[in-house]
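Going in written order, the chains are labelled A, B, C and D, and every chain counts its residues from 1.
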Amino acid sequence: MGNIAFLPIGLEVGLLVGALGILMAAVMRGCRTRDWAIIAGTAIGFGFVVSVRQWVVVGDIGPQLAYGTKGIDGSAVANQMVAMDKFGALGGMILMIVVGLVLIGSWQMITDLGTRGAEYVALILLSVAGMHMMIVSANLVMLFIGLETASLALYVIAGFLRDRRGSDESAMKYFLMGSFASALFIYGVALVFAATGSTSLYGPTSIGMFLGGNVMPDPGILLIGIALILVGLAFKMSAAPFHQWAPDVYQGASTGAVAFMSTGVKVAAVAAMVRVMYLGFFQFYDDWSMAVALIAALSILVGTATAIAQSDIKRMLAYSGVAHAGFLLVAVLAARVSLDSMWFYLATYAVSLVGMLTIVGVVAGVNSGPVSIDSFRGLGKKSPMLSVAIAVFMFSMAGIPGTSGFIAKLVVFTAADLNGFRWLVVLALLASVAGLFFYLRIIVVAFFDDTDAEETPSTPTGPRIAIGFAVAVTVLLGLWPTLLLDFAREALPHL
Amino acid sequence: MFPVLAFLVGLPVLAAIAIVLIPKSRSELLLPVAFGLSLLPLAVAGYMVWTFDTAGGFQWVESIIWMERLRIGWTVGVDGISLFLVALTAFLFPISILASAKISDRLRGYLVSLFILETGVLGVFIALDLVLFFVFFEIVLIPMFFMIGIWGSSNRKYAAIKFFVYTAFGSAFLLASIIALAVNAGPVLQTVSFQWNDLAQVPMTSAAQTWLFFGFAIAFAIKVPLFPLHTWLPDAHTEAPTAGSVLLAGVLLKMGTYGFIRFNLTLFPEATVKYGKWLALVAVIGIVYAALVATVQPDIKRLVAYSSVSHLGFIVLGTFALTLSSVQGGLIQMVNHGLSTGALFLLIGMIYERTHTRKIADYGGLASTMPIFSGFFLLAVFASIGLPGLNGFIGEFMVLIGSWQTFPVLTVVAASGVVLSAIYVLWAYERVFTGPPGKANKDLEDLNSREIAILVPIAVLIVFLGVYPKPVLDRMENDVNAVISRIEQSTNYERPTFDLEGRLTVDVGVPEQGESPSGEGSE
Amino acid sequence: MSELVVTAGWYMALAALLFSIGAIGLLTRRNALVMFMSIELMLNSVNLTFVAVGKELRTLEGQIATLFVIVVAAAEVTVGLAIIVAVFRRRETASVDELSEMRG
Amino acid sequence: MIDFIWLVIALPLFGAVGLLFFGKRIGEPNSGRIGSALVVLSFFIALVAALPAFAGTLEPENVLLFEWLPALGVNVSLLWDPLSAMMTLIVTGVGALIHIYGTGYMHGDSRFPRFFTYLNLFIASMLILVLGDSFATMFVGWELVGLSSYLLISFWFEKPSAAAAGKKAFIVNRIGDFGFLIGLMIIFATFGSLSYSTVFANANILETGGATVTAITLLLLVGAVGKSAQLPLSVWLPDAMEGPTPVSALIHAATMVTAGVYMIARSAALFSIAPVSSGVVATVGALTALFAAVVAIGQRDIKRVLAYSTISQLGYMFMAVGATAYVAGVFHLMTHAFFKALLFLGAGAVIHGMHGEQDMWKMGGLRKKMPITFVTMLVAWMAISGIPPFAGFWSKDEILAITYGKGGAWVVLWAIGIVTAGLTAFYMSRLMFLTFWGKPRWDDGLEPHESPRSMTLPLAVLAVFAAGAGLINTPFRLSLEHFLDPVFEVIKVAHPPEGSTPWILAGVSVLVALGGIAYAYRRYIKRALPVEEGPRWDFLEEGFGVDELYGRTIVLPGKAVAESAAFTADARGIDGLVNGVGGAVKKLADAATRLQTGQVRSYGTGMFLGTVALILWLLVRGGAF
């Protein structure tokens, strides 16, 4: 075990060091954003390398658990805290790519912030470390810590632009609701602990072992616990009815921050949910899967319906994110049959969304709060490449073939159908049609409306790269999905 | 073996790339290059028609499974049912490009859209993998959406969104059904498979057939479109630019009717026999209803759009009548409708470029100012109302004669479309072309040589297919027979025989099923 | 006096009550500080549960979890108070009802 | 072997296509000459091919050109038997004369070449109709002649009335075709084939008078009624007079309108075993004959008189074929082709000479101005009135005799026929007297003149036939019967009664005809011209308001239905529903948006309620309650 002592948390450590490094650099060398970029880039790159290394090592020696305590008798190692498996490794890669894209796409904002930019970058690195911790944690308390690490940093990030009204509102709402959700989550953990005597997902004293070995005559407390854990995670992915914070927060926060919080947290929460639900509570699959299906259905319906009425693009994307949370919950259900479909959905949605929000940042400014859809008016003429990118992302989110979004829906829905959720698949497909109303609307505004605005927004290099990469991934995976699918098929959690 | 079909579908993609690569400074090259490139798929399609083995069955099959676990992949092939739809598609695109000479705004994007559209449509007709089919089926929406939305006329936004959302609504059912179909077949096949070949062999319970049949049918019915799901079509047609209308009517609608034959008939034979009559009923209602509605349309494009709805009803009626003649007639009617309605939209586009109005009331007396134009128009009009000697007749006649045996009452009602179509078409012709030319129309120029060059190939085909459709029918016959035979084998359905079957005392010139007739004095 | 033994169940019931009070407080009060205190109350009820159950099951896990929760709560206090202060500075109020510019 | 018979069709078709593309370049006189020459050539080829038939040695022969619709077993092949030979000769013969006439009549028209394009097209189409050896090919020709008719009626399309008349003709014909088409469906469903050989050879398997054969024949009759302008689809023919007069002569008198008669005669094998249908055919014919003859009396326009007269004469033919007197029907078809073409061409010459005037009340005294026209028309007048020995007498009389001979209710039809004969003589005399006798009533400055040679020559030729053609089938010498024997040999064809009855009947009809002429003479020559004006005459002129009746009962309600379908059912109903769904989704969206109050506490409440609901749901499902 010695040789992997550092590897399971290498990514987190790297990011923390990077965050501290940036803060130090800001203190010692002043406002030199180049330094921060190098450090952050190194940290993220390191994180990515660690994830790859994990993948390789796991491929060689199989999934591992780490950081346990010795039993009282000193013999067995129990209560492992962190799992090192391809599941976490892939999660790490996706998170690194997403956060990298976000930073590249919104670096302008960091430059604008001056010295405080260092804090911003550091917070993002800290937050993403927390997110990854959520994915790899082998213990519910550990999961809680990861969740809080991610969230606390996000609360600050949401309200980072102090000089803009709405920013503080955004932070406050996020904070209050987030804390509420965290409290519900940890109370759920406590109840599960009360019912099973464990908070661990692995090992001889894990929740699963207990549930497998004992017949619960009265599972009430456990079920309440499961419900609360679900609520906590569903909140993070902004699934209905725990979604209402999202539009307000997204609207108030800076566009770059939204790109990060809307994608990273979703990745982390979905992955964590899969691990917790399947490993922890598989014996209660019949119960919680229906609960998840109901939340999914509600999210899809509410998200789609509300998004139609939006005139602010970030709010629209927030509600579309609610609908996508629903689709992701379908993916959670589908994960029982095919985990790769869930990964595919997560990765492609995250990339498209980051790309789209980067465009919003380019068009309306990275610091922008509310961004009316009308600001895209006539973009098709002024900036055709940008508009094509918009079209690609919108079609991808809508699930139109030719884009990764279609394949994502296809594999997820096929797996969900295989898993017996045909009604949910039909509902989801019909809702995606209604979703066209708002995805198409953006394309319509961009392409079909003329404008008399004169200046063409020039796309700086950073966003250009981020958008280009996102478009490339979206189209490439849309045409050649096996690239990711075959890879992700191995990304199973430690059992 | 050379992957002909991949090549065929790939050509437009390459053409689109080539168009993108033409430098901005040489944009005058866009149109000629695009036209030249669009001839390549036509050449391939021509080669395919030429070398097609009339014995039928899928030819030029390529099968590469990409996603082994779900058995999704590039499985394509062409049989007698799809052959001429491929050919029609390849034929209409160069014409559409030529007809787009007046497009100046964002021409590059326009041409790229056209080529992507071509890829999509060709893909639909060759795909033998349900997911691949669906991908192409949906991809087609995107370029069409842009064509209507960017290069359309005044109410284009509404029409584009309506077109997209309405058809996507049907597609949602289609995708759900495709997934359910594959999942249902999973236990039998030991794997989830989206291969048409695999799925066509899996027997299904009648309940499953019913659900899936209607799932597929909704999507195709919207695409066709069948009454009462047709209202997106007039809007889309009216607002689309000329090439858009041509392709919409010419090939896009055929994706629905083709889907009926390729999927509903082969995959769900029992449900087809059981519920086909309802679709036939809807189709017949559409024939009469759309014809009625067409008569009073004030907008000439809307009129033709409704006439499309009416004519496509014949195809669907023939498809579900399940006789050799009716299905074959429906198939050839797809080609014929593509030609004649395509020609009509081209012509309307030409007059619109001159007058900038589509209101019938604004025209009048064009026959004296534009004799060549009116001549072509008359030809297209008569082709579309099924005048013998022109192509429209073949399909309509075969459908009606063939369908009678299965659905006598429906067919009689459908036949009344023959009268109604004459009414709306000739009345419109009267108002547009005859009488003394009004002031506004006195100085209109007749067609120029480019426009004539666009129309001549269509006119030639209209006449040729009307007079000598045998090359086409021969290539279709065996595969259509195979489709019906499959239904006969898997259900209790039997092809209707004629009343005096076996009682004829003198049997002259009656062909045996599947054999070609041998008459005396054959050359 | 054995019948007066306070079992873990009682503790859990108390914790549940506290949690509910906290939740209701969060939902009914409009002052951000009070709402924040309610959240702290909820977290503490979680601690109570953990400790009680841990004691009952004779494992250290419960106590350790409590420590973590306390730490997290402390961190939350820091961030939360900072946000509240920022809001108060700008708007001279801590009432969350004022914070409703973004909606719809 | 008569394989070359396809040339008969190919030549005019070639002319049509060639003139379509090069007519303008070829120019005025030559395009007409080419068109005429091709038809003349066609005629002679047909004549050569028909020689065996005159000798009585013609075996019906099929000539396969190419396979057409294999699935239906339909080929494009031609049938050459005495009936088709005779029809071909009439079509090409009369057609050739009218072509020649047209070169004079259309002189100076700006679209002179186009006229011959259409005429050639018509000849080709009519020959397809006549020569095809299956119902499918007949249907093809059937519709194609409809097309040519449409094109030619609205030849002067700048005139709105001409355009409308062409459209009306086509649409009314299509109504008939609708019936025809359904008939074809049943034929195919019954025999599994559409070719004459199969159908007619096996017709006897069908039960005589059975439902199938009755249905088939009645539906075919619908087609025939449309094409031959019988009641109730007669309304298009008078309007068709908007076309140039040669067209009226060729299409709307001599050939196309007789297609219905040809069809019934061709399908004799079916009609002869369907007594009900045959009765209907005859009744329709008789009623039409009477109706049209009455209406003809009220016409002022010289061509409209002839149009109604055509309808009336076609009624006779229907009576004949309805009475299973197929030979008599075809006989009358032939004689009618000659004298009616002659009448039309004569009327055309009059109109030509009168510079376009068609109102007979503005003519008068023309016999001096146009002597040749007058003389030839005189012949035609005698022929149509049934005065022996002119052609019309023999053919009409045979029909009446056969009808009478069938006895029973048929005598009523005979009576109608006799009355019609009298009326015919009367209105034709009226036409002649008003046109050629009396004082000139034409407008000042009009200089009526005789027509050019190209027009009078056909008149002369036709006059010869109109006078003598009847002689080929007199009771003394039944050449036509024998000629057509091979066609009808298996069918029971009705013959005139034996003995003295025919002679008495002939005497009666001649007397009636003479009476009609005499009355007209009294009314229009002996006395001052009567005033034929006022509402009653108008009503008569308008054909008893049938047109208006259709307008009120069919066209207007149809239009109203279409309008309500288009603007209410479709735009508001179906599309309204579609947009309504969209609107409902938007409403729902707005409602959902309203939940988003911006108040964080309400969000908390939502979360809380959601949590509680989830817990309760899980507890209930998990069996904790």
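Keep this in mind: contacts are C-beta pairs under 8 Å (C-beta built on N, C-alpha and C of every residue); 3 or more make two chains touch, one makes a residue touch a chain.
From a predicted model like this one, the values you see are computed outputs, not experimental measurements.
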| item | value |
| --- | --- |
| Chain whose Cα centroid lies nearest the overall Cα centroid | B |
| Chain centre separation in whole Å, for chain C relative to chain A (CA means) | 26 |
| Length of the line joining the C-alpha centres of chain A and chain B, rounded to whole Å | 44 |
| Length of the line joining the C-alpha centres of chain B and chain C, rounded to whole Å | 66 |
| Distance between the centres, which are taken as Cα means, of chain D and chain C, whole angstrom | 96 |
| Per-residue multi-chain contacts in chain A, two or more chains | 172-173, 176, 180, 184, 247-248, 309-310, 437 |
| Where chain D touches two or more other chains, by residue | 582, 593, 596, 598, 600, 604 |
| Residue list for chain C, restricted to those that touch at least two other chains | 23, 26, 96, 99-104 |
| In contact (per the touch rule at the top): chain pairs | A-B, A-C, A-D, B-D, C-D |
| Complex interface listing, chain A residues touching chain D | 172-173, 176-177, 180-181, 184, 218-220, 223-224, 226-228, 230-231, 235, 240-242, 244-245, 247-248, 284, 287-288, 290-291, 294-295, 302, 305-310, 434, 437 |
| Parts of chain D lying in touch with chain A, wherever the complex brings them together | 582, 585-586, 588-590, 592-593, 595-596, 598, 600, 602-604, 606-607, 609-611, 614-615, 617-619, 621-624 |
| Interfacial residue positions of chain D with respect to chain B in the complex | 3, 62-73, 75, 77, 136, 139-144, 147, 150, 154, 157-160, 162-164, 167, 170-171, 174-175, 177-178, 181-182, 184-186, 188-195, 197-198, 201-202, 204-206, 212, 559, 561-563, 565-567, 569-570, 574-575, 578, 582 |
| Touch list for chain C against partner chain A, complex | 8, 12, 15, 19, 22-23, 26, 32, 35-36, 39, 42-43, 45-46, 49-50, 53-54, 57, 59, 61-62, 64-65, 68-69, 72, 75-76, 79-80, 82-84, 86-87, 90-91, 96, 99-104 |
| Chain A - residues contacting chain C, complex | 79, 141, 144-145, 148, 152, 155-156, 159, 162, 165-166, 168-173, 175-176, 179-180, 182-184, 186-187, 189-191, 193-194, 197-200, 247-248, 251-252, 309-310, 315, 370 |
